[in-house]
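One structure is given below, encoded as structure tokens.
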Amino acid sequence: MNTLGTLFKITSFGESHGPAIGVVIDGCPSQLEIDIDFIQTELNKRRPGQSNITTSRNETDQVEILSGVFEGKSTGAPITLLIKNKDSNPFDYEHLKDIYRPSHADFTYQNKYGIRDYRGGGSSSARLTAGWVAAGAIAKLLLKKYSISITAYVKQVYQIALNIPYTELNFEEIERNNVRCPHPETALIMEQEILKAKNEGDSLGGIISCVIANCPVGLGEPIFDKLNAKLAQAIMCINAVKGIQFGEGFNSVNFKGSELNDSFINKEGKTSTSTNHSGGIQGGISNGEDIYFETAFKPTATILKSQQTVDTAGNETTLEAKGRHDPCVLPRAVPIVEAMSALVLADLVLVDKAYSL
Amino acid sequence: MNTLGTLFKITSFGESHGPAIGVVIDGCPSQLEIDIDFIQTELNKRRPGQSNITTSRNETDQVEILSGVFEGKSTGAPITLLIKNKDSNPFDYEHLKDIYRPSHADFTYQNKYGIRDYRGGGSSSARLTAGWVAAGAIAKLLLKKYSISITAYVKQVYQIALNIPYTELNFEEIERNNVRCPHPETALIMEQEILKAKNEGDSLGGIISCVIANCPVGLGEPIFDKLNAKLAQAIMCINAVKGIQFGEGFNSVNFKGSELNDSFINKEGKTSTSTNHSGGIQGGISNGEDIYFETAFKPTATILKSQQTVDTAGNETTLEAKGRHDPCVLPRAVPIVEAMSALVLADLVLVDKAYSL
Amino acid sequence: MNTLGTLFKITSFGESHGPAIGVVIDGCPSQLEIDIDFIQTELNKRRPGQSNITTSRNETDQVEILSGVFEGKSTGAPITLLIKNKDSNPFDYEHLKDIYRPSHADFTYQNKYGIRDYRGGGSSSARLTAGWVAAGAIAKLLLKKYSISITAYVKQVYQIALNIPYTELNFEEIERNNVRCPHPETALIMEQEILKAKNEGDSLGGIISCVIANCPVGLGEPIFDKLNAKLAQAIMCINAVKGIQFGEGFNSVNFKGSELNDSFINKEGKTSTSTNHSGGIQGGISNGEDIYFETAFKPTATILKSQQTVDTAGNETTLEAKGRHDPCVLPRAVPIVEAMSALVLADLVLVDKAYSL
Amino acid sequence: MNTLGTLFKITSFGESHGPAIGVVIDGCPSQLEIDIDFIQTELNKRRPGQSNITTSRNETDQVEILSGVFEGKSTGAPITLLIKNKDSNPFDYEHLKDIYRPSHADFTYQNKYGIRDYRGGGSSSARLTAGWVAAGAIAKLLLKKYSISITAYVKQVYQIALNIPYTELNFEEIERNNVRCPHPETALIMEQEILKAKNEGDSLGGIISCVIANCPVGLGEPIFDKLNAKLAQAIMCINAVKGIQFGEGFNSVNFKGSELNDSFINKEGKTSTSTNHSGGIQGGISNGEDIYFETAFKPTATILKSQQTVDTAGNETTLEAKGRHDPCVLPRAVPIVEAMSALVLADLVLVDKAYSL
């Protein structure tokens, strides 16, 4: 339900237009320095209204720590992170009270729960991912102690794809443009495409790539808590995600075993692989190579075009365009993908530690 | 680790060349008729040696019920299913004791655990999936009470793809050929391709499609136990799986929101959608339409060709081809994909039932 | 760790002298009317400063709902309940920074975590039970739909015991005195005993009895989630609890099987028992009779007398009496025992519901 | 349900008169030497028919390891332990098919599940504890690495109590008599009392004391996985247990805080306590002193005397005495109490390890 993880666990709560959203982290080791500026920096990457190509909802997303931190360090008790909602005008949503937005969670929530906070999607809103990003920032602080780093970037927006292997990209470019694509020329085209969609009142999807570097050998718990399985679950929880693939992923099928197998080599005394088609995971356990995966986001469902739909009474009707919209969530989803990955890794680091004799 | 599920839970155990593999199901509702013939039929679809295009390991995979069933019905107590290993010749694996097979779990298991049952991959072996298929058969018996049906088939083998939408296929064709592809002509080409790889001592991957029909609205528990997230985790646990996508999946990115959104319509009094790009899931909850997803299997790592690798002491060496191999696991993976899906759905059916007032 | 329950789950957070304490309830069924006045009434029973025989810390313990409730009803999303700390003077605790209070959690927390919020016991403080009482109030609202009622009362304070069976007591007397003992004469003696201890700067323990009435047959999940096992775990989490016994409890050993067995009888068409030595639970499952148990609270560790102890550097020293103290927590523990019981029952009601065909 | 633990987890399965009972241990660290003789020795202490004062059911309780152990060591994969049922005559139980034994689980199981394996109590039978003892033996092997030792003994049988503090007893006496009471003279009286009850066809309960020595400071995870809370849950799962108390337990209420608090002292450079009324646990965390608790077993429900009861159709009737019975389970419960304690401690050792920076 709303808790993720075995030892490093987060419980997510809140609604888009309630008083606040937040997260409780249960299982953060004690004595970890909690750098609140770093948490805020991560949140700012996800913040709405950060550039001309995102939604105009204006939230400062200021994080407050309610518990679990004493004199700047974690105490081992649950860490509660709260982010108050500010720019939430409930009147913006009155027209959605009795109508289902196509491809939104309105219909499924109403039918599952028999009740629904229709204001901005309520608890189904991607606004809750702010809490995950804040929690992910703390997971990153923990992973730093193990030298593990996580970098995500926008690889494709709509039909504009960056087909350069991640190993040839300069990750420092990611934060230098609004799209978070590490290739400035491609980023520019993507940005133009997003602006075009924004003007059309339409939305675009895309692909985010994520690379986990310096992961030690041994993370992931077979059989059902495999590293790839836990990452897949976590990433698939992000709103609008429709697929995930590790290493060569779906492209693996185009090769024979003799072509795809990653030969082991002795690289300066360390067993390594000559290629990395596996994406750093074998048998559900990290093998010490880079872990990399890609995840597909569909275009967001909210658009400013009229759409055919049905109201809660079952009558067919037209949903008229109204309000704010986010033409492309990819740039803001980059920190979310990193955060979810960090949460999974932090959890598996602790589990692996428990079992080491 | 080795338990999957919240209420309908399975615990998997065993090694490829130990005395037996099996599974304990904890949380099967009582009074369910346990049709042992049906379980065996499902197992037979996964059985090695079932046709000329699979491994020649010969296992009858006869299932025994050790607990939880009384006079043909479940009692509510844990159901233990045991499958004894028969054709397990430990001498076949002596040569793998000190060497890592490329892209296998040998290296990661050895490094994570400091010890490894090298005989046939030990507990990392896909042989354990027999237990999952047996458990999945019981999950299917439970789902039958809710009219939910699950059908998987081979959609692609290596570069031979069946690009016909599932809605236009005749699923009765699936079990009529060795490949489990519902298009006889394509199945034939796939079979030839597999035989060619078999003769070459090479292996092929592919794509399996899975369709879940008659799923009621409301399955899946936001935020972190979303239906797609739990399915992704479960499917990603299957050996050799490298990716999963729901509905239009990665192809979603090629459309704009206005093109991809599934409009709601009133279909004979029932709210339905005019298209199903979402793949039957919105906001992590089933919406009553068909759920469909695709999953990519890399070619199996074990091949009968010499490969460069490293031994446990770190020396580079050549792994000489030897023993049995499975040129393409896709046909045998079809019942596994169905089983994992059934286990997830059975679990979510029970959870949803708990919360309905 | 800080989450309790399988389906009706609470996550507890906060510190005695942090900004707030609270709880997230994950798994409350939707459409439940959330009566905030009832929650507050329950909290008021636990509130410090409610009478002359409790601590003088002054907290209004006003509950705020941050999420999960829409237009007065639960939505199925996590319900976050927040209680801000008001009367928390950190300077009151400076003298405890480097010293371990005897029989307190100071020493174990410091050694386990290497850091400790020493202000009022930090996260080990019984103040966190306010969150549990608030969550328990919502559990009670859910249980009301199943007609289950829970009543606890003070049965013993120090050596003053009420040795009348609960069946002969008038539970309406409980809230009519400060001690929450349903026997006015005994309550008066208890109150005097507590005031005496208060004046002496000493503390008293006691026994709370709890009766769960109208529990349907079938709650509790063998083998390891037995109703008595889950209640024991939950009750044992309450600060200062040292023991729990069900039905005849420790006194059972004084009888032979032939004397203690509860014969089944047909009571107006319903299978019932002639006696109830078992306390309403057989084989870990409720049998439809009253469930009753007793739990022992040691006298609270904080007293206003000088005590021998050791400082964090290991030096023996004297802890000088200072500040506020609660001479007897029993009256305020009554709502806590009820709340923990309600949380366990609400959880088991949902689990049982899931498994009913 | 049937799984206990967070990291060192056991899943229990089987029925008294099914083919076998057993347990899967998930989460045993790898490379632990699995001494099968030790497991068998532990099982022999629980074995029925071991002396003239236990049931005459004759089971050798030979343990088989089905998985998870390779060349004498754990591999990190699930360890499956199987014990086949041998002396199970289903005809012995035909007369119990339609009748509820007083104070047994027959009635609650039938009503909860709508079906019941009536042969020897089915899955509610104490026979399943053999699996727990086997798993507990492996937990003990793990705890040995941390020097933690666990010793239980019979402190009271019926009204014969051994009122000598455990610190003054010689634990080597425990295994020298059939009762497992470390005081030979008392053991003799207890044995006579048990034989008398055996001849009368009646049953006796009693109290078991358990002492955990050399437990390091820091085990137990506040708030809800406190060491005492987890022990209470686990012990309360043992058939016939009606109560548990830690340290002074219920007797705590007879003292004032100033009398009961355990003063800290510096004992040869180590912070220790001058007394140990707390029983080695403060704030739910072990404090380095001996942990000790007592648990009450009611007399077993099965007796060889006629009893009034009700049949499954609701008719009042008489249950005629028949078959075998165990006049006092206390001697055989000693290894069970140790095993459950060991399982809890092994689990908490691993969890604590995970969180240590």
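By letter and in written order, the chains are A, B, C and D; residue numbering begins at 1 in each of them.
Heads up, the rule we're going with is that contacts are C-beta pairs under 8 Å (C-beta built on N, C-alpha and C of every residue); 3 or more make two chains touch, one makes a residue touch a chain.
Only a predicted model underlies this, so the values are computations on that prediction, with no experimental measurement involved.
Between the chain pairs A-B and B-D, more C-beta pairs are in contact across A-B. Among the other chains, the CA centroid farthest from that of subunit D is the one of A. Between subunit A and subunit D, the centres computed from C-alpha atoms are 46 Å apart.
Subunit B and subunit D have CA centres that are 39 Å apart. In whole angstrom, the spacing between the mean C-alpha positions of subunit A and subunit B is 26. Within subunit D, the positions touching two or more other chains are listed as 1-3, 12, 27, 30-31, 76-77, 109, 112, 114, 123, 222, 357. The part of subunit D that touches subunit C in the complex is made up of residues 1-4, 12, 100, 102-105, 107-109, 111-112, 114, 123-124, 128, 156-159, 197, 202-207, 217-218, 220-226, 228-230, 232-234, 236-237, 239, 241-250, 252-258, 260-266, 269, 271, 273-274, 277-279, 282-287, 296-303, 305, 307-310, 314-316, 352, 357.
Only residues 6-7, 27, 29-32, 76-77, 145, 222, 350-351, 353-357 of subunit B touch subunit C when the two sit together in their complex. Contacts from subunit C toward subunit A in the complex involve residues 1-3, 9, 11-15, 18-22, 24, 26-27, 30-31, 64, 66-68, 70-71, 73-80, 82, 109, 112-117, 122-123.
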